[in-house]
Each structure stands twice: as C-alpha cells, then as structure tokens.
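Below you will find the structure I want to go over with you.
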Amino acid sequence: MTDVIERSDATAAADEAVADIPDGATVLIGGFGSAGQPVELIDALRRHGAGDLTVVNNNAGNGDHGLALLLREGLVRKMICSFPRQSDSWHFDELYRAGRVELEVVPQGTLAERMRAAGAGIGGFYSPTGVGTLLAEGKEERELDGRRFVLERPLSGDYALVKAHVADRMGNLVYRRTARNFGPVMATAATTTVVQVSRVVPTGDLDPEAVVTPSIYVDRVVVL
Amino acid sequence: MSETHDASLTRDQIAARIAADIPEGAFVNLGIGQPTLVADHLDLERGVVLHTENGMLGMGRAATGDEIDPDLINAGKIPVVETPGASYFHHADSFAMMRGGHLDVCVLGAFQVSVAGDLANWHTGAPDAIPAVGGAMDLAIGAKQVFVMMTLFDKQGGSKLVPELTYPATGLGCVSRVYTDHGTFEVGADGPRVVDLHGLTADELAERTGLAFA
Amino acid sequence: MTDVIERSDATAAADEAVADIPDGATVLIGGFGSAGQPVELIDALRRHGAGDLTVVNNNAGNGDHGLALLLREGLVRKMICSFPRQSDSWHFDELYRAGRVELEVVPQGTLAERMRAAGAGIGGFYSPTGVGTLLAEGKEERELDGRRFVLERPLSGDYALVKAHVADRMGNLVYRRTARNFGPVMATAATTTVVQVSRVVPTGDLDPEAVVTPSIYVDRVVVL
Amino acid sequence: MSETHDASLTRDQIAARIAADIPEGAFVNLGIGQPTLVADHLDLERGVVLHTENGMLGMGRAATGDEIDPDLINAGKIPVVETPGASYFHHADSFAMMRGGHLDVCVLGAFQVSVAGDLANWHTGAPDAIPAVGGAMDLAIGAKQVFVMMTLFDKQGGSKLVPELTYPATGLGCVSRVYTDHGTFEVGADGPRVVDLHGLTADELAERTGLAFA
C-alpha cells in the first residue's frame, strides 16, 4: 500500500519521506543528469544525515547541488554508476582522488539491466556488453551460440528515490519525456520506493493503458 | 493452539477463511479456478488489489451483460471488469512482477502439498496426460506468501497433505499455508502445524493423514 | 521502416502481409486465449500454406478457428507454449496423441522472459521458476546467493504475428487492455514483425508517453 | 577501387559524408559529442529516426528559446525537441533496444580503431584517469553497423587506425566503417580497405599509418 505524504511544508514532507533510511543503506537514485533527478529527496537525505551509503545513479553528481552535495558531506561510501567523470563533477573527483569514495563503474545498459533483473527475480544474465574489456575483468565469461558473454548479477536497493510527474492516490505513476529514464526500473529493484511528484490526482484519473509504474512498486509518494 | 469446529467447511467458507487472512492493501493473485472464489469475499474497497498474470493490476469482478469486453479477461479467460487505479502491462512485465516477489499473496489449487511446502498442481503424472503448466510454476515461487486452497482428502479418502509429493512438483518449499475443508495448516521448514480444524478432531486428523502435527 | 498495408479487400491485405513466410519458419503468435490473438493473420498464414512451422503461443489453439486450424492443416511441426491442454484444444490433442506434432512446454513467465531476452540481446538468464521440477530437466542448475536457479536461453522468431489496437503510420503501437499480453515482447523478438490493427492514425496522433511498442520493432502494419 | 580527392575533409564534411551513407528509414544513434553533427545532414523528413540512450526514439534537433524543456534532453544532456512519431521508454527498454541489435547505425567517436574493428573510445589508460564509460560499450556492441567518426591522426601525427589497440577496448570487432578527415575505411575480419581518400595518396596513407590496405 502506498502512503501519500502531503504537508503544507514541502521540506518537512521530503524529510518525512526519507526519515527511516539507515546508515549503510543502498540507495538507488533516479535521473540522467538533472532530468528525473529527485533533487528535493536527495537534499532531504543529506539533511537526514544517514552515512556510509552505497548510491546507484548514472552519474556521480553535478555542480553544487543534489547528489554532489551528498558526496561532499561524506555520506557516500561507494558510488555505482556508468559515468562519474563530467565537467562539473568536482566534488566526486576530489573525493575519489583522495581515496575517500569507492567507485564501481558499470556500462549504462548493464546498470539498468542489473536493476531490472533484481526487480524481476532473475539471478543473473549473460550480457555481450563489455566482453574483452577492463570492465569484464573478474567476471565469468561464457560462449553461447558462438558469441561471448559475461555474467552479470542483479543489483537491488534498500531504497529507491525517484522523480515522476504525476501519481494517483494508489501510487500509480506517469513520467515526463526523457525524465523517465531510470525511475521505472529502480522502482522495481528497491525494497522501499519513495517517489516525488509534481501532482497527485484521484485514483482513476490516470489512463490504465498509460501507467508506466504500477502502484505495486511504490511505497511512498510525496508532492514536492 | 488450534480451534476445533464441528462441521467441515464448504468451498465458499474456505474462500471466506482465506479472504480473512489477506491483509488490507495486499497485492493478490488468485490463479484460476476455485481460488478465484476468494475474490467474492475480499472488500476491494478496503484496498486489496488483484493481479492477473495476463497483464493487469486492479482486476475487478466477473463482467456481466454489456460490461463484457473480449479484450478484458482474467487468467481463466473469463471476462472481468476494471477497478479504479488499474494498470495494464505486457507479459514479461507481468511475470517480472510475479517472479520478482512483489505480490503479497497468491492463492492456488493443488493436487498435493507436502509438509515441507512443496506444491504439486500442474501434472498428475499420468503417462498419457498432455503436460500444461501455464503460470503455475511462476506463481508458486514468486509471491511472498503462497496459500493453497483444496480439499484435505481426495475422492478416495487419501490425504492431499503428504509427507512427500508423489505427483510431479510445481515448486519446492514454496507453500506457506494450506486452507482445506477440514482445517488450516502451516507447512514449511518447521513441519506442519494446525491453525484450525473443522469437523475433525486432532486424533482423527493424525490418523487419516498419517502425519504428526505441531 | 514500417510498411502500412491497406487494401479495400482485407483478406488480400492479410495475405500480402504473410506472403513471404517460408516453410520451416519460427512464428511467434500473440494472444492469451482469444484476447490479442491475430486471428485474421493466422488465417492468412493457413491459406498461404507454409508448413513445417515452429509456432510459439501461450496455448495450442482453441475450438475450430485461428491457431487450431493451422494445427489441423498439419502446418505446424512443433508448438512451444505454456498451456496446450484446454477444454477446446481438440485439434492439438489429437495431433499430439498421434505423434504428429512436437511439444515444448515452458512455464508462462519463462516463455515471456525468453522472448524478452532474445529481443534485448541477453544470451541467457538464471530463473528460479521450475527449479526441481520436470521442466528443469536437462537444464543447467546453479546456486547463486543461496538460491537455486536454472539457465534459460533466449527464444527468437523469424516472424511475429501480433494484434494491436491502433498504429500510427510510422508503426508505433498501442494495445487494448489485457489484449496487450505477449504482443509487445514478441514484437522485439522476431526478425520480421507483422501487426494487425483496428485503425491506423497519422504519425503524431499517438501520445509519445503512451506508445507501448515503438516503431523500431514493427515491420508491417495491416488494418483488419 | 578508391577515389582520391585533393583536400582533407572538415569535421562538417565528415559528418555529411556519414549522413550520405545512412539509408532512408534507418534507426540511428549518434552517441555524444562530434557524431551528433551528423544530425545536421540527415533529412529527418526522409524518415531517419534518431534514438537517444536516455529513453527516446524520434529525437529532433537541439531546442532553442521557449522550446527548451529540462525533461527533454539527449545523451549529451543538451535540450532537444521531439519529432512527430516519437516515443519515450525507460532505461532498461532503451538499452534492450541497443543491446538487442535493433538500431541500424550507431556513430561514435574514437581514440583508436584497430584494423579488426576493435574500438577504444572510453579510457585513455592514464593511471590517474577517473574511468567513465556511460553507454559506449552498449552502443559499440549493439548496433547492426557501428560507424566511427574521427581524425585519422592524433595531435602528434600518429595514426588512430592501428594494427592493435593500445588503449583499453570499448568493444571487440564491432566497428564496420571509419570516417576520417583523410578518408573512409572498412575494417573487420577482412582487414582494412580504403573506400575513399582525401588529401592523401595511397602511398602516403600506407606510409603514415604503417598499414597495408586492400
């Protein structure tokens, strides 16, 4: 069942939505660049102050906001991402060079598919991506029907922080354009999925044919 | 620990008994056949959401008259209606939902259930039978809790709750509770336990099933 | 690029849509029961007369129409399905008992996931479904993180015959209710995907957020 | 078999050269950076459909002014517009489309390409570099044809078309054609072949690259 958190004070609502995330949690954070990044939830997580986090996101923070600040505060023990190095990833870069954050680089499609596997109850899958490269080192390699594959394992989270566009009161979600990106996959792969939306509509107002994330994957919705 | 009641339960009473154990807000799959009777005893207003393997959450009751739409059916291919907040998805997404352990409860029929929670409900083992599994194996291993709804005894009076399966398995160690006309039983790693009995004493139960219950 | 086949004679249009399917082809056929079953395309395939087919469908034909007739005509060498035995699957039952059709029974979710894997370039995946059962016999079994899995392999088709609801001229598709079922997955898993729809609308008329099958997966659309 | 032209090509001319080889109706991914210039030379009216890894088919040109929508960006995080017939999907579906071999053409930049078609474009191998791969490995192995767009020589004059990679690989045997300022080359199992040359004779090519071309 989905809790809908509504308060006149949006900051308090965001704080409530992430208040039970413990130290050491693995947190899947949606977004590709700033599109779909749940900045207000990330800020709430930073205020909450849970540390020793493993964070999964496509990038490793940009500029001086959102995930970049979570990193700067020293709350992240490990980043799992496809593309940490960017022109404005200075907080991550500094921590990484100082040996103060671990990094697991995963090809972007493998990152998405590993989370999809976690959500779908798949124990592992053979991917052709990365075969023969540094990123396949240490992974089981196998030839199937004449093609080389590496074994990839599911990647699940204790929490997912996702930004969607509109939710209904049951927790069904629709997204906006390319802000959809990792959100629907992460929602399936976490024990507890927390979603920030622009608007909550009455149950029945979303077109059942157009729902992208069914309510079963959504634990908390907060309007921010 | 167990209650004993005088009369055995009708099929409808078993369905009501199961419905009473399904928590508010649960996501539930009722398979096909008998277990779909449980729907009649669920208050869908209370927030229980029904999943059907053929790609829908928020399935409602059977459709009647003008409501019948051949594009809107349940796993048993019976026309149903849509409830508010429903959503549709394709088969790979539907079974990802099942296999991924997102359903809270699934209710299935059975030929046999073992005391360890092994389930047999897809194949009688008869050599000339045409095998057909459908979504049974996916449901058996996928839900957080698998409830079985069946009669305790077969037509010959043999117990369908067994020490070990003699029919081909659908899934191993997957059943948590067995709801029958004569009682409700927990199965699994800790062996069978009686939750309640109907029209049968504990002694009669032990004698007719040949099992030792906790 | 998607061909849109429109003719005043719907039978001729259906015939044209399947005219190049050769003997020995593997054909993925959508539908769960009659919902989403592309009956007119199946009838065209029967008239076309290609034989020695491997057909993938959830069932093995019902009553005296569609897939059941394709079977009765002796055009199907092998059925791959989850649930062949039904109250009205008499044509399949008779052929099977006479040893005139091969049968591979696959758990329904594994059937869908194997086609999804084929469409997604996955070489194989470990599934918990069927472990310890007759349907896992001969399959590699493996323990991963303390749970038992079997290795399942991708299942692709030379052709997919799919029924959708509306297409645009580019081939984007939406479906109707539970008639969606296997269609979107099969469309990704076949070399050539042929889709029957109720209606074709101008490109741009479908909501880009609500497209279920993007045009890249659709080779032919026929209005039936 | 090859044509020789007097002058080397500008970056824009290389982009036009690539665009001319992309067939009508093709589904194309242009990666990030330089290859995105190819879009300026594609007639999207002719039915070429652009894919962007972050979940869209039917991507249009860069957005300007009021068109800019932070929720509608390309893989390089630049705001773009939507074309008629566009569709959105999530990341797992987007990369399934790539990994599954559904894209006709993908155009990527490169540090090096080997004569066997191995690609290096994600890592210089410098020990202090922070590794970052993004979607490069998925694109390298996923499209039916992978085109590389690069200068033939690096700033020190060394050939970027090499007998064997010295930089870490992105994918093996995946590149089919290399488009450079000095010529177009086929690579792969049959070794390198010259398609056309620009501002360089065949002899100069052989001398400066140290490679034997068919």
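Some points to look at:
So that you can tell them apart, the chains are marked A, B, C and D in the order they are listed, and the count of residues begins at 1 in each.
Just so we're on the same page, a residue touches a chain if its C-beta (ideal position, glycine included) is under 8 Å from a C-beta of that chain, and two chains touch if they have at least 3 such contacts.
This structure is a prediction, so every number in the text was calculated from the model and none was measured.
More inter-chain C-beta contacts link the pair B-C than the other of C-D and B-C. One inter-chain figure worth recording: chain A and chain B are separated by 35 Å, centre to centre, where each centre is the mean of the chain's CA atoms. In whole angstrom, the spacing between the mean C-alpha positions of chain A and chain C is 33.
For this pair, chain B with chain C, the centres built from the Cα atoms lie 29 Å apart. Touching of two or more other chains is recorded for residues 113, 116, 120-122, 127-128, 175-177, 208-209, 212 of chain C. Shown for chain D are the residues in touch with two or more other chains, namely 82, 88-89, 95-96, 98-99, 142. The complete set of chain-chain contacts reads A-B, A-C, A-D, B-C, C-D. On the side of chain A, the complex with chain C involves touching residues 113, 117, 120-128, 142, 144-145, 147, 149, 153, 174-177, 207-210, 212.
Of all residues in chain A, only 1, 116, 118-122, 168-170, 172, 188, 203-204, 206, 208-209, 211, 214-217 touch chain B in the complex they form.
Put simply, chain B touches chain A in their complex at residues 24-25, 27, 47, 49, 51, 57-58, 82, 84-89, 95-103, 142. Within the complex formed with chain A, the residues of chain D that make contact are 52-56, 69-73, 77, 82, 88-92, 94-96, 98-99, 123, 128-138, 141-142, 168-172. Residues 32-36, 58, 82-86, 92-93, 96-97, 103, 105-113, 115-116, 127-135, 175-185, 212 of chain A are the ones that touch chain D when the two sit in their complex.
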